[in-house]
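The following pair of complexes shares a single chain, chain A, combined with chain B in the former and chain C in the latter.
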Partner chain A sequence: MSKTVLITDDTAFMRMTLRNVIEKNGYSVVGEAGDGEEAVALYKELQPDLVTMDITMPKMDGITAIKEIMKIDSDAKIIVCSAMGQKPMVIEALSAGAKDFLVKPFDAERVVESLRKFGS
Partner chain B sequence: MQEAKLDFLKELANIGTGHATTALSQMLSGKLFQLVVPEARLLHFEEAARFVESLEQVVVGIFIVVSGDVKGHMAFLLPVDSAMVLVRLLTGDDSGEVNDMALSALQEIGNIMITSYLNALSKMTDLLMAPSVPGVAVDMAGAIWQSVLAGAQVINEVTLIRTEFYADGESIEGNIIFLPDEDDFKKIAVLLGLGEG
Partner chain C sequence: MDINAFKEVFVAEARDYLQSLNEDLLSFEQNTDDIATVDEMFRAAHSLKGMAGTMGFDELAEFTHEMESVLDLLRTQELEPTPEVINVLFGSLDTLEVLLEETISEGEISPYKQQIATLEALTTQESITSMPFSEKSENQVAVDLDEFNRETIKQGISQGFSAYTIIVSLRDNTILKSVRVYTIFQALEDVSTIIQSNPSAQDLDDEKFDLTFGLIVLTKEKRDDIKQLVENIPEIANVEIRETDLSEKIEEEVIVANGQPDMTVKSKEVSSKKTRTASRPSRTETLVRVETERLDKLINLVGELVISRTQVVEMTIEGDDSVQKTALAQLDRVTTELQYAAMSLRMVPIKQVFDRFPRMVRDLAQSSGKEINLEVFGEMTELDRSIVNQIGDPLVHLIRNSIDHGLETASERIAKGKPAMGTIRLEARHEGSHILIEIADDGQGLNIEKIRQKGIERGLIAEDNGSLSMEEAAELLFHPGFSTAIEVTDLSGRGVGLDAVKTTVESLSGTIELESEPGHSTRTVIKLPLTLAIIKALLVVVDGETLAIPIQAVRENIQVEKNQIKTVQQKAVIMLRNEVLPLYDLAESLGFNRLDSPGPFPVIIVEMRGQKAGFIVEDLIGQQEIVIKSLSGIGKDIQGIAGATVLGNGKVALILDNSTLIR
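Up next is the complex of A and B:
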């Protein structure tokens, strides 16, 4: 059975781009969240194997969402996909529990490599 | 003093816009971008209001508020024709319509370009420059530009950086405009050993 992924990004365009890359590589996208709040609610409901997480989003940002998801499941596999690649932000995301940090624009290969590494 | 400040601005513009267009090129894999040397200007408020040419031209504007160690405002303005070329190159949609997916793609292009610009400056200075969620609007250039200046609460001088680039034989013009808060701009200048700039 293919691994399940929850995509989190505030732009529909980036959710579509990620969905294409992820599905093409044999993973199953079970949900799409447009902000951190939705991501936390969908994580509870869907219990995906992997989560992609944007940082700068309305309502609840990605860092807060990572912390909230880690409270629900300390084994959550969250991969950050954000344009905001500045050192303090990367450190904050990783300390909050993210497993990897991909800076947009990213290579499709880099996304797949991270999914493989943390989804196994 | 003014000369040194403008030189410094041009260097920041070069680095920031260089990273922004590199990011765009990566998004459009295989598309080569020719970057025209950026123009950096330091203008008084009244001059700044007239900075954007063709005020009645309809443009797409993407804007971001910067917070953290350096605060300010950034805007990416491009004529609708250029925006539609980008949408076609990125999504394959050649309808020329500014539909929801086109706007979403443009918002993400603007976000990635502006944030890449900030990431480059952050790396140079070790100062955090955190972007807000981007806003996007389609309107006359004058209307969008006025709302950017109003949001930035420009009182005296404003730093403006204009860039132009081309892709795939088609002209795509865009302005990336950075308006750092004056005190924070000095902070960057001091850190890079340029005194008061």
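Up next is the complex of A and C:
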């Protein structure tokens, strides 16, 4: 059975791009969240193997969402997605429990590498 | 013609040239094909050199000359404009700016020789352009294990840990390198303790590295498991891991391949560290001037921190909680580093003063027609920056005195059976918590009779006083207004006599002593304190009080039975490996109550000025780092006491001035 992924990003465009890369590489995207709150709710419901997490989002930001998800499941595999120049926030996300980070614009191979290394 | 009248014009024009050099270099960096810009820069450097030479600003002239040489090679395309070369030029412009401003303000000239060496390295490279670009270059990543970390590792190994050196190379398309390093640290810290990294953690965080960095970790995991752990992190190109070599060499160098084609130029003259830093753009780095008062405050606070650390370590030494121990080891390491870093802010090698003497002596030798050989020792001896800044003039004066009054001409020397060439010896060294600067010459020594006559002439001594002792003669020399120079020469004797030297030295809480063997030599010793220094000391108990003995002077400690103490000429001595050493009761020497004990006595063997002596103490406590706090007021002049320190337990301990104890 292929690994399940939950995509979190506030723009539909980014979610679409990520879904495309992820599905092409044999993973199944089981849900898409548009903000942190939604991500936490969907995590509880779907129990995905992996989560991609944008940082800057409405309602609840990615870092708070990572902390919330880690409370629910300390083994959660979350990969934080950032833009260039968000170094302090990426560090914060990593210390909150994110397993790895991706920098936009995404490089398909990098995305797959992180999924492969942390999805196992 | 007074050249100083043109200084204003020089200043304005020199600053303009510097500005245009900076602008041109920036534009050249963008377009390295633009030889016209290099031509422009070459001309600017050349003009600056000429101007500086005319003004007699030798340092500036020397420096611009080296820059000009490099620019000339660039202009004729004999030197490839690699990023490294450009960075060296940027660094040189920074140095040039500092040099220029210091010259203008007639301030102390900062060291610039290093930068000259870097420039020279570029011009002396052989077949720079013939080196094939495709050749795989080497970049050095060295993990220099410092003494403290070596100890930590040794301790770790004895507790069943293994030490590994890990060299990690990131892929060249890694975007947030510092964050990637963070994830690597994070992963490793789960299973190991990171002892040291190169570059430092701060530099890694600031992305001051290419793609490769080194780590030393202590762990109980297997080597392959650690390797796999790191390899499992994304964006890693290569991981090398091996057991850390703890052999005696201080620097452990790991050479790793680094596929950066534009790093081909690597010169032996440039040390590996320099190569690394030079390869990073550093043009924003300039000197920061900080009031010494602020530095003092920082150093004082660090001193307090060192004491607090000692307190914490003392409190927790009992248990065997390994988590606590690791945390303490970390605290210990950081505090030690902080302490050295803080100290180093104020400490500078005396080299920067000594450096100007070879040139000065050569010039003076020429103008006085004497043959002089200057020997310099201990130029790397470090002392407080403020002392270094003020000791220059007194030293200049003393050296001039040696040349002018001490050394004879070659013919005079030959007539006396001395070698034609006179020698001036300049030496700096630490002695306990002091630094000694010695200026000695093998000239004619003091002419006591002449000094006496002069003293009578000046009304400084009575005519019927008989002959002078050497001490009295030396004392006279330091008297205000005394000068033995028959005619005032260009070299010395311009109204400022030795008394000015003495005043300066004393204002630095130092002392000056002059001794001479008439006809053969004169020796002047300046003794300066190392105020605020943190030193290692041996703590002993004397009459119930804790005393600190600076460790540099301590040779060993032994137990002495009462019957081993002999008496020679009514003085107590002991035999130590066929040497007869005077033995003192430290309590008695300091005016405390004598130790009343049947023995055996703990005895500390101390060595000062090549003289050894034993001191009986009540008890030994052990070694500790202490912060020297100078005593003020009535405590200042107590013989045998150099200062005081606050110990880990909050008590005050006096610091012994061992040099005054041995007489």
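We take it that the second predicted complex is superposed on the first by the 118 of 120 C-alpha atoms of A that agree within 3 Å, B and C clash if a C-alpha of one lies under 4 Å from a C-alpha of the other, contacts with A are read in each partner's own complex, and residues count from 1 in each chain.
Keep in mind that, in the parts below, a residue touches a chain if its C-beta (ideal position, glycine included) is under 8 Å from a C-beta of that chain, and two chains touch if they have at least 3 such contacts.
Source: prediction; values computed, not measured.
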Problem set entry | Partner chain in contact with A:65 - chain B first, chain C second, else both or neither | neither
Exercise. Should A:14 be classified as contacting the first partner (chain B), the second (chain C), both, or neither?
Worked result: first
Exercise. Once the shared chain is lined up, is A:84 touching chain B (first), chain C (second), both, or neither of them?
Worked result: both
Exercise. Now for A:29: first (chain B), second (chain C), both, or neither, which partner does it touch?
Worked result: neither
Problem set entry | Contacts of A:94 with chain B and chain C, given as first, second, both or neither | second
Exercise. In the superposed arrangement, which partner chain does A:57 touch: chain B (first), chain C (second), both, or neither?
Worked result: first
Exercise. Looking at the overlay, does A:105 come into contact with chain B only (first), chain C only (second), both, or neither?
Worked result: first
For this session: Please determine whether it is chain B or chain C that touches the greater number of chain A residues.
Result: B
Exercise. After lining up the shared chain so the two structures overlap, which partner does A:117 touch, if you call chain B first and chain C second: first, second, both or neither?
Worked result: second
Seminar exercise, completed: Residue overlap on chain A between the chain B interface and the chain C interface 84, 87, 103, 107
Exercise. Which chain C residues qualify as touching chain A in the complex?
Worked result: 173, 175-176, 178-179, 182-183, 186, 232-235
Exercise. Residues of chain B touching chain A in their complex?
Worked result: 23-24, 26-27, 91, 100-101, 104-105, 107-108, 111-112, 115-116, 118-119, 122-123, 126, 128-133
Problem set entry | chain B contact footprint on chain A (complex, rising order) | 10-14, 16, 56-58, 83-89, 103-105, 107
For this session: Spell out the residues on chain A that touch chain C in their complex, using ranges where they run on.
Result: 82, 84, 87, 90-91, 94-95, 100-101, 103, 107, 110, 113-114, 117
